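One chain, chain A, links the two complexes that follow: it is found with chain B in the first and with chain C in the second.
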Partner chain A sequence: MATLLLDIVTTSSMLFIIAAGLMIILGVMKLINFAHGAFLTVGGYSAHVVTNAGFNAWLTIPAAAVVGFLLGIVVERVILRPLYDRPLDAILATWGLGIVIAQIITFIFGRGVQFAESPISGTTDLLSVGYSSWRLVLVVVALALGAALTALLYYTRFGLNARAVIMNENLARGLGIDSVRVRAVTFGLGAALACAAGALITPLLSIDPNMGLPWLVNSFMLVLVSGVAIPGLALASLLLGGAQVLVSTFVSPIIGGITIVVLAAVILRIRPGGLSRG
Partner chain B sequence: MSALLNGSSHSVLEVAGLTSGYDAAPVVRDVSFSIDPGEILVILGKNGMGKSTLLKTIMGFVRASSGTVALDGADITNGPPHLIARRAVAYTPQEYAIFQDLTVAENLRLGVESDDLLEDRMGDVEAAFPRIVERLRQRAGTLSGGEQKMLLLSRGLIARPKIMLIDEISEGLQPTMVAKMAEVLKATKQKNGVAVLLVEQNLPFALSVADRYAILKIGEIVARGDAAHADTAATLEEHLRI
Partner chain C sequence: MVDIASERAGRSLSSYWATAIVAALALAVVVAAPHFLGIYLTNVMIRALFLGVLALTVDLVWGYTGILTFGQSAFYGIGAYACALVFTHWGFGPGWFAAALVIAIVSAALVAWLVGLLSFYHGASPLYSSIMTLALPIVLVQIIFAGGTFTGSSSGLSGFPTYYWSLATWFVIAGALLVVVAAFAWLFVRGDFGRILIAIRENEDRCAYLGIPVSRIKTGLFVVCGAIGAVAGFGYAAFTDVVAPELAGFLLGTESLIWVALGGRATLIGPILGAIGIDVTSSYLSGSLPFLWKFIVGVAFVVVIILLPNGIASLVTGAWRRYKRHGKDGAAAHMHRETVTLVPAKGRGLEENLAADTSPIRIEALTCRYGSLTVLDGIEVEGRRGELLSIVGPNGAGKTTLMRCISNGSERSGGEVTIGGETIGRKSPQKIVALGVGRSFQNTSLFDSLTVGDCLRLARYRIDGARYFERSDKVALPEPALDILKATGLDRQLGLETRYLSHGMKRGLELAMVLATEPRVLLLDEPTAGLTKAERTAIGSVLTRLVEDYGLCVFLIEHDLDFVREISSRIVVLHQGKMLLDGSVEEVVSSDLVKAVYSGQETEAPA
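For the complex of A and B:
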């Protein structure tokens, strides 16, 4: 029972961490970033490179975030910015980009499975069970991330500008806000979050060129259900992540793998606006 | 009249031969005027005559196909709106002009370049609209229509602009509120030498604040003159009726 509870909380935390980058890009840019899974993969390989080079495993996370931010800034400038007037093409472009990134990774690292060292290994005794320490770290990270994103959005000038751009881009521009820069920084931030998330989950999973793909699908469904809101995303992660763990435990892990997608479709059928909006 | 005769050397805003519109159809045609510091020019015209498009063209939201817009002598024609705004231009659009889901305070913060400036300048808002200062934490969308217009004008004032471009601020306001708006605009112009380009349909309001007027009809300026002139009201009435 304790294990089940911890599974639910840690799985939800993972989902939250992974979907956060997708959500902020959707919120500010009205863009579903289908390269999100590929960014996650890049984060995983960044972690692999860092620990393979003999650096401290804790460095994998900031290193992946930096790689992701730079990658995001370049992708926004080169691929997305020319397509802002054609939102559907921009979404397709991110899809294509995801494929290209996976191929480049395959070309450099091969198809095989890689590993990265874990900053913490072993188990911690909690609720009278020994539980994976790293999964518990992820809960702390998810809480910190939720707090940090809330602080960024609600207590900084960048956050205010970003919210203004979300609500009414032309009005924001007329008040001197450089919406192009807000978009660029947001995409960089979203990509940084995706890559950092990739590095954060590598201690639990093996790294391969398509490791991000199933996470892309789940994040996408989560964000559709949650809408653009941090508490909404937390709630959606708990609900859908919890359902996934329950189905995997009591029914079958295979069906558990599709729980999020199926349940999200059902929720959206009942509440087309998702959890956050009416 | 002096601005028209003396040329551009002192004018804050100078618009020359401006033509703009959507797709092939020009909405604003060959419009020229200039505004001096501390001067209020009102552009009058009925709906669909191109008043809002004129302001949007000055702000860079609508592309000018010919003509120029100069601010303090610098050419800003077809510049990006955010850079034009940062040159101390406060634009208050007619529709969707405030962020309904943000608080009053957040709306005001967006009027200044950095948050530090907000506290320094809160006195400006307090002097003009004390009611706005009382409602800083309230969501802007929950304000009454009149209060939203006060917030809109406050956001313009707090920018300490060189020029304000104001699109039909009097629309839908009760007479006492319209009088309050006129009072604030006149006080601002006198105190800070702010120039104002006002786009209006409300003739009494326009004449109570403006130094000069121009009539925009199907995108062209068909008449202009001194707002204080004795025959002005009758002439304008005539134009606006047709």
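For the complex of A and C:
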């Protein structure tokens, strides 16, 4: 029972961390980033490179974030900026980008499975069961991330500009907000979050060129159900992540794999705006 | 007129013949080809031809209708698994073969119908539909995984009995399927219905307000394309004798988007060549340069999306168009050879309004709220036959919201609207059009790449229907719509794409389109905005005629009070969502209250 509870909490935290980058991009840019899975993969390989070079395993996360930010800025400039008027085409272009990134990684590292060192290993005793320490760390990270993103959106100049662009881009531009810059920074930030998330989950998974792909669709669903808001995303992760753990445990892991997709599709049909909006 | 009509009929017949001849030539190539191709290439080509059929369905759904679908592969997989499951577990023979094919088609159609019901409803965002088509293959693959030994789980099924015909035979089967589907698709997209698909892609909302059942058409198209995809998958499974979950997977779904995008969406031939070209090349290169080839396809895909949104085929068609346009001047270059003639509509038409005895529109206690903001509060208006009712009021008074609440059943928060004795309930816009409400919009939202003739034909869909495989050569319009077209000179521009029309002509076309739906209540939102004095007078006299000769009830939103005074029979004044006055022109014009509202003085609104 305690294990089940911890499974639910830690799985939800993982989902929250992974979907956060996607949500930031969707919220500000109205763009579904299909390269999100590839960004996660890039984060995983960044972690692999860092620990392979003998650096401290804690450095994997900031390193992945930096790689992601730079990658995001370049991608935004080269691929996305020409497609702002064609949102559905932008989705396709990011999907193509995902393919390209996966192939580049295959060129460099090969198709095989790689590993990265974990900053913390072993188990911790909690609620009278021994539980993976790293999964517990992820809960803390998720809480910190939620707080940090809220602070960024509501207590900084960038956040104010970003919220203005979210609400009414034309008006924001009229008020002198450089919406092009806001978009560029947002995409960089979203990519940085995605890569950092990739580094964060590598201690639990093996690294291969398509490791991000399975997370892609679930992340979308969570973000859409969340209604593109941080508390909504937390709620969606908890509800749908919890449902996934329950179904996987009591019914079958295979059906568990589609729980999020099916539930999200139903929720969105009933409440097209997701959980946050009426 | 008679000889023109017969010439048109001749042309439509000849387009059948042209398609039939091209299809026959293509079939001849298909029959001859296996003798010239090597064994390996024939093998690879058979697979590519089946995938070409899949690409065609993606082109119809995405390229023509604008539904970005990631899930077309699911239907391919359903077809393939129907074949494998029946032959493995139940039996094999001509009877079983036919039964399996029927199962494939019916189950794919059923799944497509269910997905369609979920994804296509009025107000669904295109993103939501795409997400649903994305979920479909993912769910399906997991179901296959969960099927254990029945579905063969992740390794799939193989070695089931099938027809071990020669490669050449299978090649002809696959090629003939592709040619037949392509020929019908070609006639389909060039017929009336094809125009409707494009109209849905360009302006779905406007289609709904012309009474076109957008969601039903999308679902229908999805069902047909799903069934065709299943036939292709069935053929592929029967040929290879192997099925695997990848056939239904999301990756094949996105791959088919790549073929269509690279080949050229909404061209039919582009996606076929894209599918065959990419699939055959990757069969050769995946041995020697597997990663490099995928990399090249990925890069090409991104580049084409950014720089050539209409695919590689657009290079060819663009050059062809430039060549044809050579020597023509400006507007003539954008004229399409128009094959349409306008005729007066027969039958019931607008005149029926004169005979109706119920009042055309009654609004009772209508309220509309957005959260805590009340935009309309307790509106009570009855519109009588042959009445031109102007709705005036300052900006933000709720005039356009009132129009919205009348024309879309899900907009209002309370109260009831009755059209000709029937309440609108929660009906969607296209059903309210069927009750007899026609609405024109504040902004001229037309269909950019359709011609004037196409737009008019579109507006007649609800009444006259559309032909599936040919273009009708006559558009029947009610008398006043014809008058407007004549007055604005649009009747001589039937072949011009609407994006090249002047603002005044767009307004005229918009009004003619709304009239073509034969409404009994006409909602006009600033129909004269941005028009010249002469155009304004012309519209005014059309409106007067509609009211006097045809007994329409017209609701008019207007800011030009002189114009309002000239043509209205009654005026309703709205202010901050409440009705301030409902009376004759004199009453309203002489009211101190109205003057006060317009000059912005504080007044106490009457309860």
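Observations on the model:
Definition applied: the second predicted complex is superposed on the first by the 278 of 278 C-alpha atoms of A that agree within 3 Å, B and C clash if a C-alpha of one lies under 4 Å from a C-alpha of the other, contacts with A are read in each partner's own complex, and residues count from 1 in each chain.
In the analysis below, a residue touches a chain if its C-beta (ideal position, glycine included) is under 8 Å from a C-beta of that chain, and two chains touch if they have at least 3 such contacts.
Everything numeric here is computed off the predicted structure, so don't read it as measured data.
Residue contacts after overlaying the shared chain place A:53 against neither chain B nor chain C. With both structures placed on the common chain, the touch criterion links A:163 to chain B but leaves chain C unconnected.
Look at A:104: by the touch rule set out above, it reaches chain C but stays clear of chain B. When both complexes are overlaid on chain A, the residue A:270 reaches neither chain B nor chain C. In the superposition on chain A, contact of A:176 is made with chain B only, not with chain C. Contacts of A:1 after superposition on the shared chain: neither chain B nor chain C is touched. Among chain B and chain C, the chain that touches a larger number of residues in chain A is C. On the side of chain B, the complex with chain A involves touching residues 59, 61, 80-83, 85-86, 91, 93, 96-102, 106, 109-111, 113-115, 155. Interface residues of chain C facing chain A in the complex, by the touch rule stated above, are 66, 68, 118, 123-128, 130-132, 134-135, 138-139, 142, 145-146, 250, 254, 257-258, 261, 291-292, 294-295, 297-299, 301-302, 305-306, 309, 371. By the touch rule above, chain A contacts chain B in their complex via residues 157, 160-161, 163-164, 167-168, 170-179.
Residue ranges of chain A in contact with chain C, taken from their complex: 32, 79, 82-83, 86, 88-89, 91-93, 95-97, 99-100, 103-104, 106-107, 217, 220-221, 224, 252, 254-255, 257-258, 261-262, 264-265, 268-269, 272, 278.
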